[in-house]
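There are two complexes below, and they share chain A, which is joined by chain B in the first and by chain C in the second.
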Partner chain A sequence: MLIGAVIAGIFFGLYFTLVGLGLNLVFGVMRIVNLAHGDVLMLGGVAAWALFTSLGLHPMVSAILVLVVFLVAGLPLYYAVVPRLLRSRDSEMLSLILFFGLSQMIEAMTTISIGATERSLPPRLMGIGPIIIFGTRLPKAWFYSAAASAIAVLAVYFYLYRTRLGTLTRAVMVSRDEALATGIDVNKVSAVAFGISLALAGIAGVFAPFIMGSITPNMGVAINLTAFAVIVVGTLGNPLGTLLGGIIYGVSLMLMQTYLSSWANLLPNLLLIGVLLIRPEGILGRKVRRA
Partner chain B sequence: MRSKLLALSMFAASGIAAVLAPAQAAPAAPSQITIGELYASSGPYASISMPVYDAFKLWVDETNAKGGVEMAAFGGKRIPIKLIAYDDQSSTATAATLYNQLITQDHVDLLIADSGSVLTSVGVPIAREHKQFLFDVSGTGAAFFSEDNPYIALMADPVSTIWPHYISDFLNDEGYKEGIRTVAILYSTNDFTGTQAAALKGFFERDKKVKVVYYQGVPTNTSNYTVLINNIAAQNPDAVLELGYVGNDIAFLRNLQDSGNQFRFVFTIYGGTEKEEIEKNVGVSAVTNTFSYVPASNYEYKPEVGMTQKEFRAAWEKKYPSGSGVAFGANAIYGYMTGLVIQRTLETTKSLDQMDIHDAVFALSGKLKTLDGTFELRKDGAQIGEVTPLGQLQPAGKNDVKLVAVYPPDLANGKAVLGK
Partner chain C sequence: MRSSRARRALLDAAIAAIVVAGMAIARGVYSNELMLFNFIMFLTLSQGLNIIYGFTGYLPFGYVGFFGAGAYGFALAVMHLHLPALAAMGCAGLAALVLSVILLPLLRLSGAYFAIASMAAAQALYEVIANPDLETVTKGPYGVSLAGVFAPAASYYLALAILAATLLVVVWLRNSRFGMSLQAIRDDSVSASMAGISVVRGRTVAWTLSALIAGLVGGVFAWHISVFYPDTAFDLSVSIFATVFLLFGGATTLVGPLLGVFILYGVYNVIGIAVPQYFQFTYGALIVLLVLFLPNGLVSLLTSRGIRVP
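Showing the complex of A and B:
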């Protein structure tokens, strides 16, 4: 049972890497906390559900559409909200309030549009039957979502370290003011990062019905809590830390479900408290701040 | 002459008194009866709360269309219903505040709890403290009921300590004959399913036929069961009982199918209770041959009061057409059935005093037959009449399943098929 829990935890954790990646990118570049991140993920799931039920689109196709649409939608949303927020005296705190409001609006509008009950996609779309790894039976959807997560992590790294815009993004991550002083179009760089963040959340949302059974308009808050645990454990602002945080979360959750199942929902809070007490900068903290 | 006049005036006075007497006996009728209710439009309990709320509104609208409820306590006058409903968003903290508000600010005449044990649990002590009778729609947690608390009655579902007994009876009886020897119980840790799980464990331990080899609770917000199912499979049980809310059952059934693990007997609460909702989310193949309770939405009881199931469903679909967001299921029937209990209570109560309401509700026990079966209360207010048969979702044509009652034999309309 131990090996099974660890293997399942790694795959499950990879999905939560995908969930936390966008949130971490926004914090790293803009130093704001997007409390609507979980709701954007939910919208990705709703989009996949709507595209399947109305047009019969396979979720993999929907994932590509969601990627493009959410990326593009992120640009005007950034210019409408973030620059003004960053000009305020306490942008981190105000971002909490602003994005909490946005989160509530998204949840309410989705509830009005599709109702409050569960929505899902047929399991057969990702293939019926398990993938067996070292005797552990895992749903095929876990494999696909882990693969999508791995691709996303690699793509984010490619973007950050192999593209010009990525280099500028890293410069903004180190110091927004210095980047501005050197003539970097900080808003352009940040808007693209914001769009990528929404796109990553949207893709995670497409896989959500297969990982969590179903999607509901109110799922955003719980997703946010888990995503925060993942990125704080890994290190705020560091995409590689998100990968580590996701796997730690996934493995810990599966071990809790195996040996102390009644207390499993305490895990995100325990991880957050533990990391904040012992290593507040996160496991990969130092490296990032000096990158 | 004087004596004649005196006699005449006495006769007239007595006549006037006789005419006025009934009017004086009946207290002044209120302009409306206020009923307070909570519902959850969002959150994990929305799928069991909204059908109850919508169905209850349907009853209110129908009743008001007739001019209201005919109340004997007010000389048979029809009095309209005013519904005051608040959205607790599936939050127990919000629900506690709103129960208080309904009682202390809105001064409602009748109080209805939100659906399910979790959101009812906070209302029980508040109602008791304020001596307000609580119409508990489907909060079946055993801890809610005690003989020293007269301010509660369970409407629609049987109390959790007796509700699951057909499951253990079946497994100990027909299951045992078919070779079922071990059972795994996985439950969500809340009043509703926790009590049922404890009751089932007790039944199995008492009867000493089927052995419990796995007994674990998980948080109610659990959305992934893959590792739990693998852990259960490692114990190799013949039967698996998963007791959770709608979201739990959806995730469990999907993960079970994805895992490829197979057990001879698999039970979920909402596979049958909210059949349409579950089918929509997990697909027909994932529920085929699983077991569940057979609620009134899938079983034809002959009502003596109110609509039949078919008539109610037609009324529901007229008011809430397909696509309006709330699926028809057992909880819709519970909401309408609560309306019928309230109707009969108001018709017969001596007054709107909460103990008179209590007496009127308990007077219906064993006598009220609705589309949900026979309404019967224990002394402490727990529902004991409407015990649901055990059913199985058996294949029906191409890509469909029907819920067949398989136990007890006197209620069965089909035979159980156990896996190999």
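Showing the complex of A and C:
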């Protein structure tokens, strides 16, 4: 039972790595918290649901569509709000409020257009029957979403460390002002990072109906808290630390559900508060961040 | 110099008195008591938030946690200790105070970290209270009913008294040495502590005061409503409404949050209740525009021109 919980936790945690990855990329590059991240994820799920029910598109196909559309949509959104936000006195704090407003708009629009009911996709789309790994039975959807997450982490790694734009992105992460002074087009770099972040959230959203059973327009807030817990545990501003954060979250959630199931919902909250208080720099971090 | 300061304090106090008197008279002439009660609730909550955000710069997204703690402090005292309502109000305040002391270490975090951590704390408290395993104590997710102490008139006037006290605290902070020192800490904590201001003490006092206010409002809400669920007492939109009202009007001032509540909550009561989604959308858009174009609230239209706003 213990080994089963750990293995299930790793797969589940890999999914939450995908959920947190984009949020962390935006924080790392722009030092802002995108509180609408969970709602973008929800939109990805709604897109998968709508494409399947209207056109019969398989979610894997929708995932690619969502990736492209969200990536492109991120660019104008970035230019519309972020540069102005970053000029303000306390952009980190104000970002929280601004993106909260955006999240309310997304939630309201989604509720108006598709209603507040739970939407789900038939689980058979992800293959019938469980997959058996080291004697642990897992739903196939967990396996595929974990695989998608692993690919996403590798792709982000490749982008950051093997492409020119990625190198520039890392320069902006270290110091926005110095990057600007060196002549880097900070806004272009940030806009692409923003688009990638939305695309990652969108893909995570496509898998959400399978992992969480269903999606609703108001799921964003809970997703945000979890995603924030994952990236804080991993180390804020370090996209690859998200992998560790996701797995720690997944394994501890599965252990809670196995041994103390009715208290499992407490976990992301306590994990978040605990890590913030004991090690605010995250598990991989070095820089201390205190008031 | 001294007399002009006294005049300012007097003006602030007069505004507070007018608002309180207005809400007292409104009950006699307007029949929708619940709506008036909600107005009082948000007037108080947004001023309570003003104390912590406006004067120290900490924005607790989980402010509703104190409200919920107060509501359940009241409910548990009535259900298990069979206390009369006023004594139960004491328990409501106490519950929020205890919670604020437990959460004191959160003040070590800055900006967004503090906001999110406080939201997680409120959510954690909700998970505990709504947990079906604790049904015998808190009635879990099934809600509490306090019909035995139901007293709409008394609870309305108590809420009004809490509003009056809160407004006085804000007037005091705006006109006292202590309030000035808090603003100095907010603007530059290092310089403030060099000037001999106790940073930790200042923040602690503001934090517990603001928590106590939310707890008392929660308690009087429980008394006035008398039937509620953990979902209502820990509804995140309570924090969010209070935050938006505060930011819309303008923090650190007395009239800013008042304007925010009267304008925005007024609009909400006209259009929001019928079609909540349209309102939610407008709200979201308003928040976005506000942050982008008027980050210091309505009052900054005047203050940026050098006009002092009470």
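Criterion: the second predicted complex is superposed on the first by the 286 of 291 C-alpha atoms of A that agree within 3 Å, B and C clash if a C-alpha of one lies under 4 Å from a C-alpha of the other, contacts with A are read in each partner's own complex, and residues count from 1 in each chain.
Note that a residue touches a chain if its C-beta (ideal position, glycine included) is under 8 Å from a C-beta of that chain, and two chains touch if they have at least 3 such contacts.
No experiment lies behind these values; they were computed from the predicted model shown.
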### Query
Does the chain A-based superposition show chain B and chain C clashing or fitting?
clash
### Task
Examine A:Gly129 and indicate which partner it touches, taking first as chain B and second as chain C; both and neither are also allowed.
first
### Task
Based on the superposed arrangement, let me know which partner A:Leu138 touches: chain B (first), chain C (second), both, or neither?
first
### Task
Go through the superposed model and pick first if A:Val153 touches only chain B, second if only chain C, both, or neither.
neither
### Task
State whether A:Leu25 touches chain B only (first), chain C only (second), both chains, or neither.
neither
### Message
Applying the document's definition of touch, where does A:Leu102 land relative to chain B and chain C: first, second, both, or neither?
### Response
second
### Message
Tell me the contact category for A:Asn269 with respect to chain B and chain C: first, second, both or neither.
### Response
second
#### Entry: First, second, both or neither for A:Gly4, with chain B first and chain C second
first
### Query
Where does A:Thr258 make contact in the superposed view: on chain B (first), on chain C (second), on both, or on neither?
first
### Query
Regarding the shared-chain residue A:Leu43, is it in contact with chain B (first), chain C (second), both, or neither?
neither
### Message
Among the options 73-81, 145-153, 253-261 or 289-297, identify the stretch of chain C whose C-alpha atoms clash with chain B after superposing on A.
### Response
145-153
### Task
Identify the overlap between the chain B-contacting and the chain C-contacting residues of chain A.
107, 111, 262-263, 265
### Message
Can you tell me which positions in chain C touch chain A when the two form their complex?
### Response
59, 61, 105-117, 119-121, 123-124, 127-128, 131-133, 189, 236, 240, 243, 247, 277-278, 280-281, 283-288, 290-292, 295
### chain A - residues contacting chain C, complex
33, 81, 84-85, 88-90, 92-98, 100-109, 111-112, 221, 225, 228-229, 232, 262-263, 265-266, 268-270, 272-273, 276-277, 280, 289-291
### chain B to chain A touching residues, read off their complex
40-44, 46-47, 50, 89-90, 189, 216-219, 221-224, 226-228, 230-231, 233-234, 246-247, 250-252, 254-255, 257-261, 277, 280-283, 285-286, 324-327
### Task
Would you pull the chain A residues touching chain B in the complex into a rising list?
1, 4-5, 8-9, 12, 107, 111, 114-120, 122-124, 128-130, 136-142, 210-214, 216-218, 222, 254, 257-258, 261-265
